[in-house]
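Structures follow.
In the two complexes below, chain A is the common chain; its partner is chain B in one and chain C in the other.
What follows is the complex of A and B.
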């Protein structure tokens, strides 16, 4: 039978150039680039005001086979370490109790961030027009699924092996009453997946991942190890091995819009908003977790922030992009003020509102106080004396019936929730940047703690409608709210949250009821 | 006192208390400043420890004296001016086993700078790949 023209052509070509019997993954990656195409109009479900060029790259030249093999090796190493050697070493129970509580917050919150990043990366996969960039985003979707599992596994592992599982086992059930949850969802959910696709990329990849994952996922491992926790470094450093590709995705997003006139118009505002959004939450929360949630200190949080945020992210990412029109965030000065003081402000409020948490907090002891004063001159006179007064009033002892939140109300130190970031602040005690601002729209009052969030709200007020815990529960008695919001342990009476990390003298619902503390919305005064 | 500006605790990081605060809040430090450095974070493992000790701390430092390597408990923190390159074929030979660029990426925890692979070579550079110059393919 005669050969078809096409078959003959293929046979002739192969006789001259034999097909390779092996091919390297990067050669496959190069070949796949020929599948790119040029869009006249990008038919994405998630439009952007920027035009994304279609010649941007995926810097690590990942193909499915090598990606899958690489990730399976990561998982084998991580789970092998945890389920074998670490279990024999009783690693989950060698963690200092303060740090065990810190990880209730860190791993639960990061899990939510990773979960939302799945959607964010998928959205960017749809928005991008460069085939290589789509390849990078697609790998990121798979990475984020892996990270969500990993964070869940940290909680599972601690729930199984750590001596106080409450809070590791089912933190999410208390999300309605915990003030920190809402701010976390603002940065980790809304910031990543709502609005313009490229703006979301700037939030997620250029700021969230390239900047704040370094303290959140890398530096945290040093604090963990110093406090007896080898579980977290094993998992978190493995998570971070995917983040470098995500940072590259974010960088390539910037490259893709660098020559777009819209970038000159919008880029710096979007970057400043993203930086402020992310830092407003991460700066105080990470500082509080590291310094107040540890026994053994690695270095002052402000130094960690200075290294990873200001010098390295600010210099190596933002500074280097200066010649392409990227400017230093206008809010940097205020962010630096926050890096020094905001975590102390937040720690004070978190302790004052301790029953609303899903973790145990402890008062700074004499050693902590000396460390704080040495590293943050003026700390003792401002914060230390308040902690001493609360301790003298019996804040740790369930027999005292004393809740620091009541002290705040009685002394006129009203606690507001910033509408945009959802971060609590107390204008009469805060040393962080900003000041109280109140606006009214359609009969509803809104409080703000800084001009940057206020500007964002004035631009898009419909975007920031989340109720604060004080609006939600105004007039309600605290113990009723805690019971309703699932803040009790399996015995139905002991609180998940505690104002100390000892095993005895645990507060119950009845102890809390005796304090007769009621929620009040300070905005009612306006 | 450290002499290499890239040391983990160089410059302002050596200061404490009020001295640190004075420099941190100084007017000239209220904007981002361009940096020509790169940072590489390698998760400790059998292979990575050997790469650090046998390659980066030897030829790597000889070729780029600005490079510093810090032991930060679970990871190695590496900072240098310009770029850091790791030839994974050389690592495989040193390790005496099959070890590809993708095996190396298993333990690369973070990068500050523009990181990319080209064949069996890993590079992190302060150059703006795709803007200053095109990214190279095999």
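What follows is the complex of A and C.
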């Protein structure tokens, strides 16, 4: 069989540019620098508006043998610690149950992000035309494969050692039930791998990695440790040490297009869209996971956000790219407002829709409520009172047959799904920056919750066709959807999701059926 | 809306039965082109299959791919559309069309129509993806030039949306 063009080009290049006979790191690096993927028609198979320069340098300096040595040491530390030391200390069971539930979401979702980062980095390898730059992206592919395994391992470890494995072990099976997966796929999948290749790099490297891995992968280790989880910091810090080099790759993407006149035309609007895309999901979801999914608090999310997203990224990192024409995104102001309230809005909706998850949620207790009010003045009057009312109505007790989602529907607090981000939004209860917009196009109704997303949809409607759970399940009874979507534990009757983290009083399919809660699409009212 | 299960539902059964009657490359090509025009992309003329169209479309693709595999010799698999047209000529024709497009709305229509008519297995992938990448890059250039120049109200008008509700924004600007 004939060699593929790619294999032939690589073989030809190798015969011209012989590999070094010694393996000193400097020599190997020099060789890799001069190694060239000089395909005849070096045009990427992915669409892009930009032209990447041929002479871009690579900042990913440690490569080949050194790289493999370093990563194998890191892997040994992680797996050795987890499988030996941590297991003897019963670390998997010393986690506060609220946090144990949070990690069902955090690690399963990050695994999806890492998996798509493999494809994204590979796409950039294909798109770049400088040999050095290709090296940098290719090494990132290897890193992202490693991270995918690591995240998968966290859930595997907890599934084996944590007292309540449901959700750690089979999160994906239940992905079609609730709205949370869809929004996550928007940022972690579509954002990284669909559309313009350079825009994908901006989403993944310039925003996802340079901005949100600090709270997502670093801050989370502090919250984990504070809540008794020694497993997550071991793994996530091992991941984050690679992310620094990925941020450098993002920097080089910008450098490589800086001299292309196209960059000045498109780069800042792509960056603004990428930032808004990522923040629209991560700002509320991370804040919710940290503050509502923990017993012991580290610091208010708004403070973490301001330090890492606003000052460190929006100011310093983007500032360093200023000489290439990169500007701080205009949507940063709205995002700043969302950093204060959006996670409280989302937590309320998530709890209202608790049966649709693959994890357990819990009501804020008196201590939590005092903490929320102290750090977000006005919290109690708006959110706290609703939680108290739900508790009084028996939302935790399967005998009550009370689902807060039904309360939302009865009180006219309709929940809409933003077509672009897939993040749920309740206009009558939200304190975040957004506002409801409902449009009809070509016979179909669409809801949006902010102007940045609305513009993205108006510009590229074929890109945002994902249906909301309300459109999918309108008319169907909740327990029926959950049974079909695999939201039930191995005993065939107990739900994976629960509205509390206690050991008894678990809700079953029958309890849910008694509540007789039906999906309705609020867009039908228009 | 649909009060039936996601999988194994009556709509899917109905389409599987319809598809069962399709037995030639020619009929399957017509079937998939008609289906894609009526039920897929923002240009679709019907919304009745919004919940199931992707599944049904995949079944039609499967069927056409099998029929085509049986009917075509190797050389044709790489170069011929199931419409009988030479893929190279079709691609050239659509690339020229795209070249002439001067605004984003007409360019968008061209690319979507191209996909409705020729998305594999109608056109061999080796031709389709290259053409789609080139046309897509051109569309992106048109869409992303002066991205913020048009106000949202004007953009809604250009797009032809009917505004059903506009809430009051609490945003900072």
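One rule holds in what follows: the second predicted complex is superposed on the first by the 490 of 526 C-alpha atoms of A that agree within 3 Å, B and C clash if a C-alpha of one lies under 4 Å from a C-alpha of the other, contacts with A are read in each partner's own complex, and residues count from 1 in each chain.
One rule holds for everything that comes next: a contact is a pair of C-beta atoms (placed from the backbone, for glycine too) under 8 Å apart; a residue touches a chain by one contact, two chains touch by 3 or more.
All figures in this text were calculated on a predicted structure; none of them were measured in a lab.
Chemist: If chain A is used to align the two complexes, do chain B and chain C fit next to each other or clash?
Modeler: fit
Chemist: Which partner does A:423 reach: the first (chain B), the second (chain C), both, or neither?
Modeler: neither
Chemist: Of the partners chain B and chain C, which touch A:433 in the superposed model: first, second, both, neither?
Modeler: The second partner, chain C, only.
Chemist: Considering only the touch criterion stated at the top, classify A:476 as touching first (chain B), second (chain C), both, or neither.
Modeler: In the superposition, A:476 contacts chain C only.
Chemist: Which partner, once the models are overlaid, touches more of chain A's residues, chain C or chain B?
Modeler: Chain A has more residues touched by B than by the other partner.
Chemist: Looking at A:333 after the superposition, I want to know if it touches chain B, chain C, both of them or none. Which is it: first, second, both, neither?
Modeler: Both: A:333 reaches chain B and chain C.
Chemist: One more residue to check, A:460. First (chain B), second (chain C), both or neither?
Modeler: second
Chemist: For A:306, select first, second, both or neither according to whether it touches chain B, chain C, the two together, or no partner.
Modeler: First partner only.
Chemist: Touching A:69, do we find chain B (first), chain C (second), both, or neither?
Modeler: first
Chemist: Under the stated touch criterion, which partner chain does A:266 make contact with: chain B (first), chain C (second), both, or neither?
Modeler: Only chain C; A:266 stays clear of chain B.
Chemist: Measuring by CA atoms in the overlay, how small does the chain B-chain C distance get, in Å?
Modeler: 9
Chemist: I'd like to check the shared interface: which positions of chain A are touched by both chain B and chain C across the two complexes?
Modeler: 333, 336-337
Chemist: Inside the complex, what are the residues of chain C that reach chain A?
Modeler: Checking each residue of chain C against chain A gives 1-3, 5-7, 41-44, 46-47, 50-51, 104, 108, 112, 129-130, 132-134, 136-137, 140-141, 143-145, 147-148, 152, 155-156, 159-173.
Chemist: Across the complex, what residues on chain B touch chain A?
Modeler: Contacts found on chain B: 8, 12-13, 16-18, 20-21, 24-25, 29-39, 41, 43, 45, 72-75, 100, 102-103, 105-119, 126, 128-131, 135, 137-138.
Chemist: Which bits of chain A are touching chain C when the two form their complex?
Modeler: Residues in contact with chain C: 44-49, 176, 195-196, 262, 265-266, 269-270, 333-334, 336-337, 427, 431-445, 450-451, 454-455, 458-462, 465, 467, 471-472, 474-476, 484-485, 521, 524, 526.
Chemist: Per the contact definition, I'd like the list of chain A residues that touch chain B in the complex.
Modeler: Residues 24-27, 29-30, 33, 56-57, 59-61, 66-67, 69-70, 73-74, 77, 210, 213-214, 217-218, 221-222, 225-226, 230, 233-234, 237-238, 240-241, 243-244, 247-248, 251-252, 255, 258, 300, 302-303, 306-307, 310-322, 324, 328-329, 332-333, 336-337, 340, 374-377 of chain A touch chain B in their complex.
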